[in-house]
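Each structure below appears as structure tokens.
Okay, so chain A shows up in both of these, paired with chain B first and chain C after.
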Partner chain A sequence: MPGGRRGRSLVPRPVRPDTPDRSPARPPARSWRRIFDDKLFPLLLIAPALLFIIGLVGYPVVRTAWLSFTDASGIRALTEGEMDFIGFANYIEIFSNPILRRSAITTVVFGLICVVGTMILGIAVALLLNQPFRGRKVLGVLVLLPWAIPQIAASFVWQWLFNGQYGVVNWSLTKLGFSGFEDFSWFTQFYTAFAVVGIVVIWQSFPFVTLALLAGLQTIPNDVIEAAKLDGTTAWQRLRLITLPMLKPLLLVLVVISTIWDFKMFDQVWVLTGGGPARRTEVLSVSTYVEGITQSQWGMGSALAMVLFFILIVITIIYIKLIREEEQIS
Partner chain B sequence: MRTGTTKALRWLPVAAALALVATACGSDDDGPAATDDGGDGAVAPDPDGEYSGEVTMWIMGDAGDPVGNSVNEMVAAFEAEHEDVSVTVEYVPWTAGKDHYTSAIIAGDMPDIAESGNTWTADFAEEGVLAPVDLSGAEYVPVLEESATINGAAYGYPWYGGSRVLLYRTDILDQAGVEPPQTWDELFEVGQAIENEVGDIAPFQVAANNQHYFLPLVWQAGGEIAAQDGDSWEPGYDTEAGHAALEFFQDLWETGWSPADAQTDDFTSLSLAEEFANGQSAMLIALPWQVTGIVDNNPELEGNLGAVIMPEGPGGSRDTLAGGSHLVVFEDSPQKELAAALAEFMIAPEQATSFAETTGFFPGTVAEAEATVDESDWLSPVAADQFINHARAYPVGGWWGAMEGATVVKDTLQELIAGNFTVEEAAQNLDSEIRSRVED
Partner chain C sequence: MTTSLAPPPGAPPSTFRYRTAAQVRRRRIITRTLLYLAAAAVALFSVFPLYWMAVTAIKPQSEIITPEPVWWPSEFVWDRFPQVLDRGFGRYLRNSLMVAVSTTIIGLIVATMAGYALARFRIPLRKYLALVVLATQLFPVVVLLIPLFIVMRNLGLTGSLWGLVVAYLAFITPLMIWILRGFFLSVPNELEEAALIDGCTRFGAMRRVILPLAGPGIAAVSIFAWIAAWNEFLFALTFVRSESLRTLPVGLAFFVEQERVDHGAIMAGSLLFTLPVVVFFLFVHKRLTTGLVTGAVKG
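What follows is the complex of A and B.
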């Protein structure tokens, strides 16, 4: 579970004002009451939360990490602990096995493409909705709809749209004169399959970006924009030099959230291609499920989950660095 | 393809017996160990027939389908006969079935009695979670009894079964002026005639994700999926018969009769049935009970359907898979005798006959299976001939569950029809995957 570690890093730490140290000078004699107040009481207060985090996040992560170094597979491995320690063999397998290696590379490359697509579309639509025009509110609600539809349901709808024989996409393209699309199978080839998956992912994730940026755009003082206009700037210059820099902290957070979502993507790929044909369209989350659950290879499934976990950790660390630089500048 | 690097599910009779003692979650239940001959430890209903208590039963599918309806009636009748007994039925969808059972076994949270797909029973039995049962009370359909029998002991009551047959459109074949195909070669000839004389309908379609059609082709070609030799198994695809099966499948694909989407994972036997129901194809391999659904979807097909048993391969065989279910009793159940009594009640003649009428399956006992054949029907005698005379079980060994659960067959066929594998490579791949699971 990559979930637990990122909670603390998503929100930029507030810059602490320089307040004078208000703690009184330590009295010469140590009293039990003071020790209780200073040391034990805070621990007691966080103990319930800590227990939950250790139980629900700490244990699963440690257990997964441990399993990833074993050859655990089949029912007996879990009921009776019948497994052997095999070091890094699972990890070596991931990077030497063509299916799993392709899955890892696809996760990173395709994930990044989706993030870029989501951000560009999200920014563009937010800027559009920030303009005064008739029907803006209606459009604003419509834009949110893809986000409101459950991912599985939406993926099934898209699958039908791109169905080879009965899909409306092939029908439209054929009617428009592209006869090559008659009975064209989108989900058979790697690139066409991921083109469709990419459309679905971006379509589902850009509304959140738009919504967040729209709120951000409202916070930019109007007089800054007006002043820039008086200086004779073009719209593109205002976007590049004023709007985007002022939204930078928000954009950073959105990029990280999108990255985590898109790297973990499962539903869309699972519904649209199932990882096939011949496991050629898997991403890490799908490989984890296929190896770990449907084939009961707990060790290999855990190793795949850990690889995804580390990819996300690396991205989170880069994010923390960027945020810190941001804090230092301001 | 990934070859398993891990060892699992190794069959050792002694270990299985120990496994029964050290059961899941470390509970210290002292269940009787599965003995080698099975007869002594087998669970059987109490001859007095006095029961009380609660049992939980898992049935595959959902409460609203024909099997579910029939089960609900049986349970009500059983509860009426035994006033102090309460039966809770839980339904498990087929698609997630194996995972559901596996999770329950790991968690030590099994029901008392359950329906088990007949290709799973060996796997569960080797895990040591099933109680041996006594099958001396009736004569069971041999192929269903065979798939419940592991090292001489029976671990499931044969409940029902059925086998795929070749359905065809009588109107289309008449129009093409041909008779239904009896051999592999005739399948191509009939298909060619339909293409020439009728057009606008695919004669016969195949899909990569339809392993229960593909796997038995090797039998029809005169070979074995895997031949047992004592404790070892010799895979059978990298042989003359195995190559013939793969070539036949490849040739069927290359006719261009199947849609391009049939290479994908989503295109399954159900999609093929939809194509047939939509009037897109003229012949279909299907289970007899699927006919009801097909006619419901397209009433115009009523009266235009015929059936023959599977076309004969070069090996002179028309065998296909005997699909079906067992009723299994779990070793950890505190109500094993009651569970066995419920199972025997469900397969007794009265219930079995009504079950067969409602669902279209064959009961697991020979007498009731024969009694359900309606000689005047176009389908029933063909289905019976296929199931009783031309049906076989997949290799009966715990390793087969892992083979069937993996995506190996689908992946291999997808690579074959995409041109990434030659027939030889596909055959070698299947054999090495079988071998790696046998050795695990």
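What follows is the complex of A and C.
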């Protein structure tokens, strides 16, 4: 961290007031000011943030972890603290209850599919934007739009686009010869509902990957690519053997950020399927809301949130390991 | 490496042929065409939903629900915007603005102070602090949902917008601190030392020298916070119980539930919600991207 180490000023440090005999002539006011500047001032600066993080993040996380081992539910648990410690019962319930187990599995499987889709589309568009062609700058701005649109608003437009009777998508598919899509209802079946949710999620998260990769692509020295061209490599070989390996650290980071975003998706699922039909399209964050808030099962909701938390922790640890290995190689 | 043009004698007859000029040109035309086709497809995929939102919002009613899509309206209908504003969106807009602006201002004050301190001073446990700030980005915000809801309930904050502001600060401030710390690190320390030698206090140096220099960064972070608070749905859905306090995304969701088939009004409401964000977003996306990536790399 450059700059951080040099935190102290270059001004010669005044003698501290606890050794007054060595410089009795120095005015004490000045010394107090130095102490304030070097010791108290930074603490004052950081105190509100610490308070926020401990009070608004630390405490709630601990409370969630604790609630997840209790059967807290209903109003009385809040007003009179009426709840019992039940150990891992909530967690066992999650993995034996078909609705909740399905929700956990969907979160992981569907989340990973979305991450893969986001990465592939993000890389492809970044490579496209890295080519010289007319209108490249305009396309670079247009590609940002999906990221800029609020998730809720985006979900409503896509719902309208995928409308069974009057949606543009069904109309186009029918025109292209897939007559099965006339009046096709996307949101009443598990797989087609998630296909739409997946499209919306990937549509919203690929611009970030593209943008970050585009910056990374520009750091690859041109002569490396030119040299490979002279050696008679195909474009696919150059991508696989030079470009992607050189971007590997950045790609790892992007995979993790996309994983975190996609695994905690709520808005899109809530708007597009509402978790239905019959709670079959829930993901963990939706289940947390339904169990924890709608049904006032504070304990169960907390356990569901913790499961999502653990999944993300495991993925993050794997990622840190991978990055460490990467650093050791280079 | 040998670069002889003819294959070495005795080598098996190769199928490789040097391309003629005409072949090269044809190949070039094909790749160009494919490139432009791909670019057009990406542009269509990115822009069409927003275009369709805008066009549906200003179409005459008879051109919205048609067996064949009407790509361009025969006339522009603007009255849907005042209509939806009357049907609750005016209030939602005001609520959203209040929440987003309060979150931004409070978050900015706290994050500027902390970001500066983390960039300039040797605070005990500084390394861990930076890690904690980053870790708060990694876990899902639903983890905070239930305990914060319980606290808000017990404090009676579910009946006011302040509950929302507090909840948003929980997940927006850490990232603001992280990005701002990066900006402060990029301002050379020597400038500050010069100010100190000239007799400024630490606070004076920060206020007169560093903050003006980090101005663009601070502006970008404010916009980021504003957008995050403006867009947020899950907490707003959970914490706000009364109809009059709904923010735009929640108001929109309930509006859609009532007006299932009035697609024109739904799209007009969505557009009111979307446009301010898109405008702001185009200003800050670069800083946001580098902030998120470097934050994750250096952590």
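In the analysis below, the second predicted complex is superposed on the first by the 276 of 330 C-alpha atoms of A that agree within 3 Å, B and C clash if a C-alpha of one lies under 4 Å from a C-alpha of the other, contacts with A are read in each partner's own complex, and residues count from 1 in each chain.
Here is the rule we use: a contact is a pair of C-beta atoms (placed from the backbone, for glycine too) under 8 Å apart; a residue touches a chain by one contact, two chains touch by 3 or more.
This one's a predicted model, so the numbers in the text were calculated from it and none came from an experiment.
Judged by the touch definition given at the top, the superposed model places A:I293 against both chain B and chain C. In the superposed model, C is the one of chain B and chain C that contacts more residues of chain A. In the superposed model, A:L78 makes contact with both chain B and chain C. Of the two partner chains placed by superposition, only chain B is touched by A:G276; chain C is not. Of the two partner chains, chain C is the only one that A:V125 touches; chain B does not reach it. Once the two complexes are overlaid on the shared chain, A:K137 sits clear of chain B and of chain C alike.
Judged by the touch definition given at the top, the superposed model places A:A212 against chain C, while chain B stays out of reach.
With both structures placed on the common chain, the touch criterion links A:V61 to chain C but leaves chain B unconnected. In the overlay built on the shared chain, the residue A:I260 is in contact with chain C alone; chain B does not reach it. Touch criterion met: A:L312 reaches chain C, while chain B stays clear of it. Chain A residues in contact with chain B (one complex) as well as with chain C (other complex) are 78, 163, 293. Against chain A, the residues of chain C that register as touching in their complex are 32, 35-36, 38-39, 42-43, 45-47, 49-50, 52-53, 56, 64-69, 109-111, 113-114, 116-123, 126, 129, 132-133, 136-151, 153-154, 166-167, 169-171, 173-174, 177, 185, 188-189, 192-193, 196-197, 201-203, 230-231, 233-234, 237-238, 249, 252-253, 256, 263, 266-267, 270-271, 273-274, 277-278, 281-282, 285-286, 289-290, 292-293, 296-298. Residues 1-4, 6-11, 33, 36-38, 41-46, 48-50, 52-53, 56-57, 59-61, 63-64, 67, 78, 125, 128, 131, 133, 135-136, 139, 141-154, 156-158, 160-161, 163, 166, 168, 171, 203, 207-208, 211-212, 215, 249-250, 253-254, 256-257, 260, 263-264, 266-267, 270-271, 284-285, 288-289, 292-293, 298, 301-302, 305-306, 308-309, 312-313, 316 of chain A touch chain C in their complex. Touching chain B in their complex are the following residues of chain A: 71-80, 84, 86, 89-90, 93, 97, 99-100, 159, 163-165, 183-185, 187-188, 273-279, 290-291, 293-297, 299-300.
On chain B, the positions that touch chain A within their shared complex are 1-2, 4-9, 19, 22-25, 99, 102, 105-106, 108, 127, 208-209, 259-261, 263-266, 402, 405-407, 410-412, 414-415, 418, 420, 440.
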